[in-house]
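One chain, chain A, links the two complexes that follow: it is found with chain B in the first and with chain C in the second.
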Partner chain A sequence: MSKLIKFNIDGQECMAEEGRYIVDAAKDNGVYIPTLCNIPGLKPKGSCRMCTVKVNGRLMTSCTTPVSDGMEIENHIEEIENYRKMIVELMFVSGNHFCPSCEKSGSCDLQALAYRYQMMVPRFPYTFSQKDVDGSSPLIIKDQNRCIMCKRCIRAIIDNEGRSFFTFKNRGIKLEVIMDKEMGQRMNEAEAEKAMEICPVGAILKKEKGYDVPIGQRKFDMKPIGSEIEN
Partner chain B sequence: MKERIIEIIHKYHADKTRLMDIMLDIQDECQYIPEECLDILSKELVLSIADIEQTISFYHFFSQKPRGKYQVYINQSAVAYMMGQSDIIEAFEDELGITLGSVTEDGAIGIFGTADIGMNDQEPAILINKRVFTQMTPYRVRQLIDDMKAGKDVKDMAVKAPGSGKNSDPLIDAMVHSNIFRIGPLLANDYKPFDYLKDNLSKIKAESIVEELKKSNLRGRGGAGFPTGLKWDFCRKSSGHDKYVICNADEGEPGTFKDRVILTEMPELVFEGMAIAGYTIDAHYGILYLRYEYKYLETYLNDLLNRMREEHLLGENIAGISGFNFDIRIQFGAGAYVCGEESALIESMLGKRGEPRDKPPFPVEQGYLDQPTAVNNVETFAAVVKILTKGADWFKKLGTADSAGTKVLSISGDCQFPGIYEVEWGITIQDMLDMVGAKKTQAVQVGGPSGTLIGPEDFQRSICYTDLSTGGSMIIFNRDRNLLKDVVRNFMEFFIDESCGSCSTCRIMPAVMLDKLDKILHGKGVKQDIRDLEEWGTVLKASRCGLGQTAGNPIVMSIKNFRHLYNQLLNRDELKYNGFNLEEAIQESCQVVGREPVIDHGHLKNGRERPECKANGTHKPECPDLSGHKDFEHRATNL
Partner chain C sequence: MSKPVIATTSLAGCFGCHMSLLDIDERILELIELVEFNKSPINDIKKLTKPIDIGIIEGGCCNSENVEVLRYFRENCKTLISFGECAIMGGLPALRNGIPVEECIKEAYLDGPTVQLNKDKVLPNDPELPIILDRVYPCHEVVKIDYYLPGCAPRADFIWEAVVALVTNNEMAVPYEVFKFD
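Moving on to the complex of A and B:
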């Protein structure tokens, strides 16, 4: 085990193993930092920017920054929480998120964070952009309308030769996640299951799976997001 | 064709990290990347097709659709438009009967827009099949089209003029001008190529070079200004089985072109600096990452590298120093501004999308192929040679206390002599304007779109790292320019096009802000819109790289320094109902459903004369003033 170090979050003294990512170290100390793109155990890719904190006065993503001794971290402060709320709102307006008709409603991280940040209506205008639904794979449906480009499927759903089933296409505002047509055909049950599970929103759904847990009993219906960490 | 593609792939040892080079070669062969290539690439390189497509679709100059035998790329920079690019586009469109972004029916000529090509001092400029045509006029467009229709080689077109300086070297043969209007110690012609490398390098230890650079206070010239000595020291001390030196010649910031001129006029200085870096950090490979727009320099630069190899200035035991093995290759980009960010540049060199990495780890720890890598700007390498030749003390005497040395500025826009000026750090904006013959100046964009836009009240400020910092781009606008419409808007579009899209903030927010700016430009803005822009822009600071962090700057800085221009456009002072017309807004839906709704505006006499939605909008009932109504306020600002 590597060395234990001290750091603090919003004035609270914390301890962690040196080199642990801030988001995990915070969790160990009962502090919740919201994330969307992070997959514990996998190399982080700070793309959603939700977990942004201030480290010694500088904005950093806590999923990619290791803790070090004496670090001063600001997490639950107005500036940061306002950024996070803006990010959630940006995601809502850039896609087409109709929660009431979404199979993932209640288990969706984005929806849960919108509740956490008490988003009533996004402050930004909706873009109503046209996006595609890809149902070509026998096992899954990929709905670009709900995709938040977190890159989780791209990073996690990989075949034996190290190739991703999903990749990005284009750049900037035109960025989208696409599925390799041929690999989509030969995706197996376990990969499909994992893809749906790894997707923080409802952009990847397993066919014939949608509503097996009734609304009202889903993950965040029972306990709000973050409550498993915060005491 | 299959054999030819396989040949290309094996020229690069079927190494998937060389996907960029492979695709550039395929494009040279086929003019685009045909569908059947994807299968071959996928099998030979063990990559999924989607994986290859994600690289292709990232870069502006790669295409999966034919873009014509002649591919005309028209510079979209704000300065190009100021110098008449609209007329050029119009001439192309009229003569060819197609619109920008399309190809003639016979597949011969395609015309496309492209971000700043680094020719701001000789606009309007265009690229045709990698050849640059500067100072275009509609007449020249017609000549070019005649020649293209006749099937002439781009080199044999009637639009031809000798470029200045080394641009007329047969290996370059470009109608480009170097426009050097002021030389200083860096660009001075007292430079004797490779003297330091040949005569002195063997006498100095790597540690002493680091010390000398630290002492000189040299800071990176690419924009971020990181101390070079410190960077090389970190890299030297990082462990890895190989180390790399990368020269960043992506030069994508609109308004900069000084790296092009340095690489044209004194490439020896840059390569010598790279070799010294190799010696210092113990690297065996150096790579010049050159933007695709400068591909016309390829033969010329490769020729120099070959001559260096012949003279044992590259290769093994360079300059007689045993164990000092170093070589340089050129890596081309394919049109992506973000690839100038050092970690995106490294990703691009690995054949991937140019997506910046999270830091830490920094490239000096884990860079190219995960090995310690020193990335520096073209001008930085050049400065290193001068510092080692003349001494840190000499260098420190130039410039100011915090910004040592000189800076090569690329100055363009409204002035008498746009071009390259080497100045000591510390010069004021006013002196700079006088130097280049700028009159009636309304504003100066310091450091390109990601920098800051300043007006006359700031012209006494000085150019240095602690005041107005710049990677070299200086764009001048006179009083006749419409800053918001022609400059700020252009810059915002640039960032929207160039974002890699990885961060939620940088992917979405600039487009949201541009919409709001357009609302104001269309005369529909209210005060709250300006407050929104200021507040919303702040979230961009949470983006991963400098592109996103500064992507709101064109708007934020112009609000800060040119608020009056915004105020003039506001339609009323306070947040009020601002002319929203329900009939107009639902016209499209009316057409789709084929019915017109009956709208109750709540102010009708007797409830009888209900106005009907007429597609031609002849009936415009008065609407109630809803200002002050909370819900409405919220939505009204978003309209």
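Moving on to the complex of A and C:
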């Protein structure tokens, strides 16, 4: 077992094994740091920036930064929470997030974060950008309208030869996460199930599945995201 | 002191938000003790008859009439509230955003699989009909909006909290279970 070190988050004394990522170390100490792209157990990517904290006064993504002894971390402060809310708002306006008609509504991480930050309306104008829906796989639908390009599916949905079902296409503003059409044809039930599960929004849906949990019983209907971690 | 005056309207919406307003059930009796209702689909008053304290807007703007009514409300209401997903972000009508209007009209009146009776291939052309806009606009892109109440429809308890907070000049409580986008 590696060395135990001390650090603090918003003045709260915390302890963790040296080298543990801040987001996980915070969780062990009952402090919630919001994430979207992070998948516990997989190598972090730091792509969504939701987990940004201030480490010794500098902005860092807590999913990619290991804790070290004596670290001073600022998490639940106005400046940081405002950045996070802004990231959520930017995601809402850059895609087409029609929550009332989405199968993932109520169990969507992005929506849950918008609830957590009480996003009444995004401060940015909606783009209503034109996006495609790929229904070519017999088992899943890849809806670009809802994709936040967190790369979770690229990292987590791998076939037994180690190849990813999803990949990038284009660059910059045209960047998209797409499904490999050929591999999509031979995706099995378990992989499809996992793909829908791993997607933090409703961009990957299993066909013939949706609206199967009544309103009131969905993941974030009654309890805010992060409440399972917070003391 | 006279009671605050409320007016409500539905633009490009489905009246679901107004239905939700009625879901405050018997509290509607308390509500009429607190406020006076002016133009609203609920009482069927067609025109504003006095200056309004609180205007509540359901639905976004998809045609010229929606814009006219919204501007009429803005001019006459001290406080204007966007009420529901359609007013806030265009909602389901905004699914047409990004598709040219010509294509939408053709699909609806000429080429759609359910179009059968339009044998003469007539498009809506009565001068009385409002003009369809190039896309559906959220209300705050057309006029200044003061407050937003999300939901599809906003939960009755959420509406109740908001209206009572406004007329009693208190901060609004936002219980987690009633603040939803669907």
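Just so it is clear, the second predicted complex is superposed on the first by the 231 of 231 C-alpha atoms of A that agree within 3 Å, B and C clash if a C-alpha of one lies under 4 Å from a C-alpha of the other, contacts with A are read in each partner's own complex, and residues count from 1 in each chain.
Just so it is clear, contacts are C-beta pairs under 8 Å (C-beta built on N, C-alpha and C of every residue); 3 or more make two chains touch, one makes a residue touch a chain.
Keep in mind that what you see is a predicted model, and the values were worked out from it rather than measured.
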Joint occupancy of chain A by chain B and chain C, clash or fit: clash
Partner chain(s) touched by A:105 [first = chain B, second = chain C, both, neither]: second
Which of chain B and chain C A:121 touches, first, second, both or neither: both
First (chain B), second (chain C), both or neither touched by A:160: neither
Greater residue coverage of chain A in the superposed arrangement, chain B or chain C: B
Touched partner set for A:2, first chain B, second chain C, both or neither: neither
Touching partner for A:86 - first (chain B), second (chain C), both, neither: first
First (chain B), second (chain C), both or neither touched by A:182: first
Chain B versus chain C as contact partner of A:224, first or second or both or neither: second
Among 80-88, 278-286, 440-448 or 584-592 on chain B, the segment whose C-alpha atoms clash with chain C after superposition: 584-592
Where chain A meets both chain C and chain B, residue numbers: 121, 125
Of chain A, residues touching chain B in the complex: 44-50, 52, 59, 61, 64-66, 82-83, 86-87, 90-91, 93-94, 121, 123-125, 127, 148-149, 151, 161, 163-175, 178-183
Touch list for chain A against partner chain C, complex: 98-102, 105-106, 111, 114-115, 118-121, 125-126, 128-130, 215, 221-224
List of chain B residues in touch with chain A within their complex: 46-51, 53-54, 57-58, 336, 353, 358, 360, 496-505, 507-512, 515, 532, 536, 538-539, 541-544, 634, 638-639
In the complex with chain A, residue positions of chain C that touch it: 82, 85, 88-92, 94-95, 97-98, 135, 138, 140-141, 145, 147-150, 152, 174, 176-177, 179-182
